[in-house]
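Pasting the structures here.
You will see two complexes here that share subunit A, one where it goes with subunit B and one where it goes with subunit C.
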Partner chain A sequence: MSVDSIINDSASSRRGLRWWNLLVRELGVFLRASFGSVFSREFLTVLIPLLILWEALPRLGIVPRTLVPPPSAVVSTFRDMVVDLNMAEHLSSSATRFGAGFLLALVTAFPIGVLMGWNLFIRKHALPLFQILAPVPPPAWVPITIILFGVGLPMQIFLIFLGVFYPILFNTYQGIKETDPRYLASARVFGASEFTLITRVYIWHALGSVIMGIKIGIALGLIMLVIAEMYGGRSGIGWLLLEAKEYFQIDRMVVCMVMLGFIGWFLIEVMKYIELKLAVWRIGR
Partner chain B sequence: MKNRFWKITGLLLIVILSGTGCSDRDPSRNVSSQAANVRVGYSPNPLLGPLYAAEARGKAWQLIKFGTGGDIGYSLISGDIDAGFVETEKALKLIKAPGGEKLKVAGAIQFPYGATLVVRKDLKVRLSDLAGKKIAALEADCILNHQFNKDAKRHGLDPKSLKFSYMPFADMLPALESKSIDGALVKGAHAVLAELQGHKIIYQNWDIKAGADDCCPPSIAQTEYFLLVREQAIEKVKPLITALVAATELPPSEIRKVISTRLGYPQAALEQYPTASFAVVSEDQRKLLGEARCLLTR
Partner chain C sequence: MIEARRISKFFSIVNDDRTAEGFTVLNSVSLRIESGSFVSLLGPSGCGKSTFLEILSGLQAPSDGQVWIDDKLVLEPLPATRKDMEEYRKKYRFLSPIANSLFRDNPKHDIAMIFQDYAVFPWMTSRQNVLFTLKLRGVHKSEREGAAAHYLRLVGLTGSENKYPSQLSGGMRQRLALARALSVEPRIILMDEPFAAVDALTRERLQEDLLRLWQETKKTIVLVTHDVDEAVYLSDEVVVFSPLPGSIRNKVTVDIPRPRRRSSPEIREIKERLLAMYRYDTVHESDYSI
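Up next, the complex of A and B:
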């Protein structure tokens, strides 16, 4: 083994170790920020009494136990569902659908929003169309979507896309439009091109609005996920919820509702972490 | 001045709103709403021909449309409706679900069993061309499969060349629509629904009767809907049950006519199929469900 290869190996292992340490550190920051907000003293003073009430009322017979399953029954049903119904596969199906629809919406809505906010000509031609289409509730698109795409994955992805698209579009547009003219003037004084203005001034100024739009899009996208999984396919958390509803399995319904809530919360925490890292000037707001 | 303007506007609004609340109502509406106090839930389906025929003969009950059998079940439990037609599998779960102990099975909508192979509307194939295709079936060891395998060999198709995917009947049409399967081996009732959705029938055998195997107990296999009734509404619903039995005696052409009028399907498309019938709870169903869960009207 030559000296050079030994040096190279040790340098690459030091790089690997550095990346690993960075990953562990950032994961710690993320977990502290996300779970820290849930397990804070203030929230626990609200959460614990609610959980106790939820557990006690069905056990005491004040509400029917079978219609309002207590948290202990929900946990036990969740365990059974993981074993009997292969929850991992359903989660993976839902994640695929949601991820595809979400990414499609992000890569289309963000550039369109930037262009509309940046350029008056584009805004005057495109914005009225989106303002007319946006108030149409996404579930109303279901029949047309079935005609266009048939029943299946493309239709499901399109429905989720519709739910996520408009919040990102309008929030991006608004954030870009409201860029402080003083920043633009300062940048132009230093010879910034329009492209530099967009990438170094407009987008960074609008970052907070964009992330807010993404958070709203996540919530609407999850709603559309449940609606999309009603049509075609026999997998996904939304499908499990609807099957449980159709076959009067209320405990399973509650498990699916809690899981959807948890997924939504987790995705929003991821966006908060991204905002923490990218929009440092907004810390403390 | 501004204050007076708002006061006058507010007063006008109150007068207008009060006027709409006190408008003359058609007195006959009150009478008919009292008479039609039997609320019956259903989800539109051509298999509910006896129900449409009974309604068309002018009986005083109110049909409430729902999207799914699950919604009908929850409305029964909450007391919003007095009776409802719920799909067989869901009804069996409902009577065991919380709140379902107050419901009784009053009868069933039945349809001849049969065996039908339906293929996707976009496929142009015959029975002998199906080798390698993905076909949905209820179970491997089911009378439908056995009969189909026998008949398929006679028509030049090796059943072993098919890729079977096993799922409940209710999932087969959505799977056809989403193109995750190429065909489905369904019972008679689902053949009607499949063809009305545009899919093609390439094999049919009405001689098969349910009951020759464990997967399809006859009292359940040929039942498409159970009529569930709330305990408190049993007396009110008895005339409906009588009307449903009478509607079943009507000529099939009349039942097809009301289905066509009600749901918009062309009558010609319904001609090739038998019609569904309503029957009160049978001895077999009583044994299966338990006497306490059945409304016996005989």
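Up next, the complex of A and C:
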């Protein structure tokens, strides 16, 4: 075996290893950033007493146990629900709806926001429309949406879309509009076309506020997910919540609420991670 | 050759009591800058010299007058009559006149500009900043990496290629701005108070580097500054601007052979003359207001 092939061999195996290492390292970064803040020593000194209090108050009979299920009961109910109610299916149908509505909103709101922030002509023609429509609370759309789309997936996706659309649109628009004119001027002198300006200057300058808009969009989208599932369909976390209400199963309601909270928190953490990866240049500051 | 023909710039201001007021920033400035020369525009802060430079580069439209660079018109002047104004509005209703074309990158008149506060993109590393301008210039992809390394070496930034501007010091950021400007191989470099924000020692080094680069490449350099020392030491000709409304007060040719010494008596003498002119202006300020 020649020296060359040995070097090549070790290089290729190193590359394979490097890919694997990278994945593990990035996962580590994500987990440390997300779960690290919840399970930090500082927060645990708050969380553990709170949990103990929650457990103790119903058990000691200070609050009625039928109305406030202790955490131990919530955990055992969660286990039962996973087995009895096919939780994975409900979760995945909720995720499908949310994902579809969210993506639809992202691919429409982001380009419209960029165009409105970039060009005065477009802004003057389009912005007032959105400014009039945005204050309509998304839940107010429910009746007309049900009449137009019927009860089903399209109606649910549209309601989630409505929740996510405006925050992303307005935050993107603001961020793009407030791009520092110095950067635009410096790129213009070098002959950058408007398209290059958008892809290389505007979007990067507005990145922070775009991600802020997405975070707000996620929160509003989850609200709309629950509302949409309460009004139609026979699956999803919102439906489980409504169902638990019908049978007065408070422990199941708490399980659904905790799960929704966890999903929202997790999605926000994912966005924070994406921001960290895209805006590397801010770390040095 | 840069030729500015009777450039004027007015702004209208609406006061609190809803009356409109005209505000003249530049009053009929004509200037001719030969190729390969080093010209400084000297004036107190806020006398319209930066505005003049932006008009030269085509980043602002003059209210009146024209700028010609190598017999090419930089921007069409604003219309004078109502009818022309309507047509002008119609023509530029979608894109402003200072914008370039929608999709095609085209370097205009081989100008590069360096701004007072650097304006290098903070989201790109030093290398990416230079690669970006090389791409705009239309350098082939395979040659860009090598060219970027070359220009960064030229300004002494080797070793900081992968740093973001936020990790660089003020002087290094200014060097990066210079590398970015040089990378488009311009014939004219416009500099807007480039050394105002760095400390005195760094400023001297940057000035030496700038002189060296200018002598090696023989580009036209137009430097806007409020620093008399800097103007006299660096340039062939100092154009003195009067306080608002900006107009050319005087032109002083500095024909001291290079390399110059900062403390030589000839330089000191010219400096004294310029400062005396300034002093006269501040004492007799009312003579210049309209």
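The rule is simple: the second predicted complex is superposed on the first by the 262 of 285 C-alpha atoms of A that agree within 3 Å, B and C clash if a C-alpha of one lies under 4 Å from a C-alpha of the other, contacts with A are read in each partner's own complex, and residues count from 1 in each chain.
Keep in mind that, in the parts below, a contact is a pair of C-beta atoms (placed from the backbone, for glycine too) under 8 Å apart; a residue touches a chain by one contact, two chains touch by 3 or more.
Remember, it's a predicted structure, so these values are computed and weren't measured experimentally.
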### Query
Based on the superposition on subunit A, does the combination of subunit B and subunit C result in a clash or a fit?
fit
### Task
With the two complexes superposed on chain A, say which partner A:Arg188 touches: subunit B (first), subunit C (second), both, or neither.
second
### Query
With the two structures laid over each other on chain A, which partner does A:Tyr231 touch: subunit B (first), subunit C (second), both, or neither?
first
### Task
Going by the touch definition up top, name the partner, subunit B or subunit C, that contacts more of subunit A.
C
### Task
Pick one for A:Ala279: touches subunit B only (first), subunit C only (second), both, or neither.
second
### Query
Given Cα centres, how many degrees, to the nearest 10, is the angle at subunit A formed with subunit B and subunit C?
140
### Message
In the overlaid three-chain picture, which partner chain does A:Asn119 touch, first (subunit B) or second (subunit C), both, or neither?
### Response
second
### Task
For A:Trp204, decide between first (touching subunit B), second (touching subunit C), both and neither.
second
### Task
Could you tell me if A:Lys245 is touching subunit B, subunit C, both of them or neither one (first, second, both, neither)?
first
### Lowest inter-chain C-alpha distance for subunit C and subunit B in the superposed arrangement, angstrom
20
## Note on the structure
Given the complex, residues on subunit B that touch subunit A span 68-70, 73-74, 89-90, 93-94, 97-100, 167, 171, 174-175, 177-180
### Query
Which part of subunit A faces subunit B closely enough to touch in the complex?
64, 66-67, 150-152, 231-234, 245-250
### Query
Can you list the subunit A residues touching subunit C in their complex?
119-121, 182-183, 185-196, 200-201, 204-205, 207, 279-282, 284-285
### Query
Of all residues in subunit C, which touch subunit A in the complex?
54, 57-59, 93-96, 98-108, 111-113, 115, 117, 119-125, 132-133, 136-137, 163-167, 180, 184
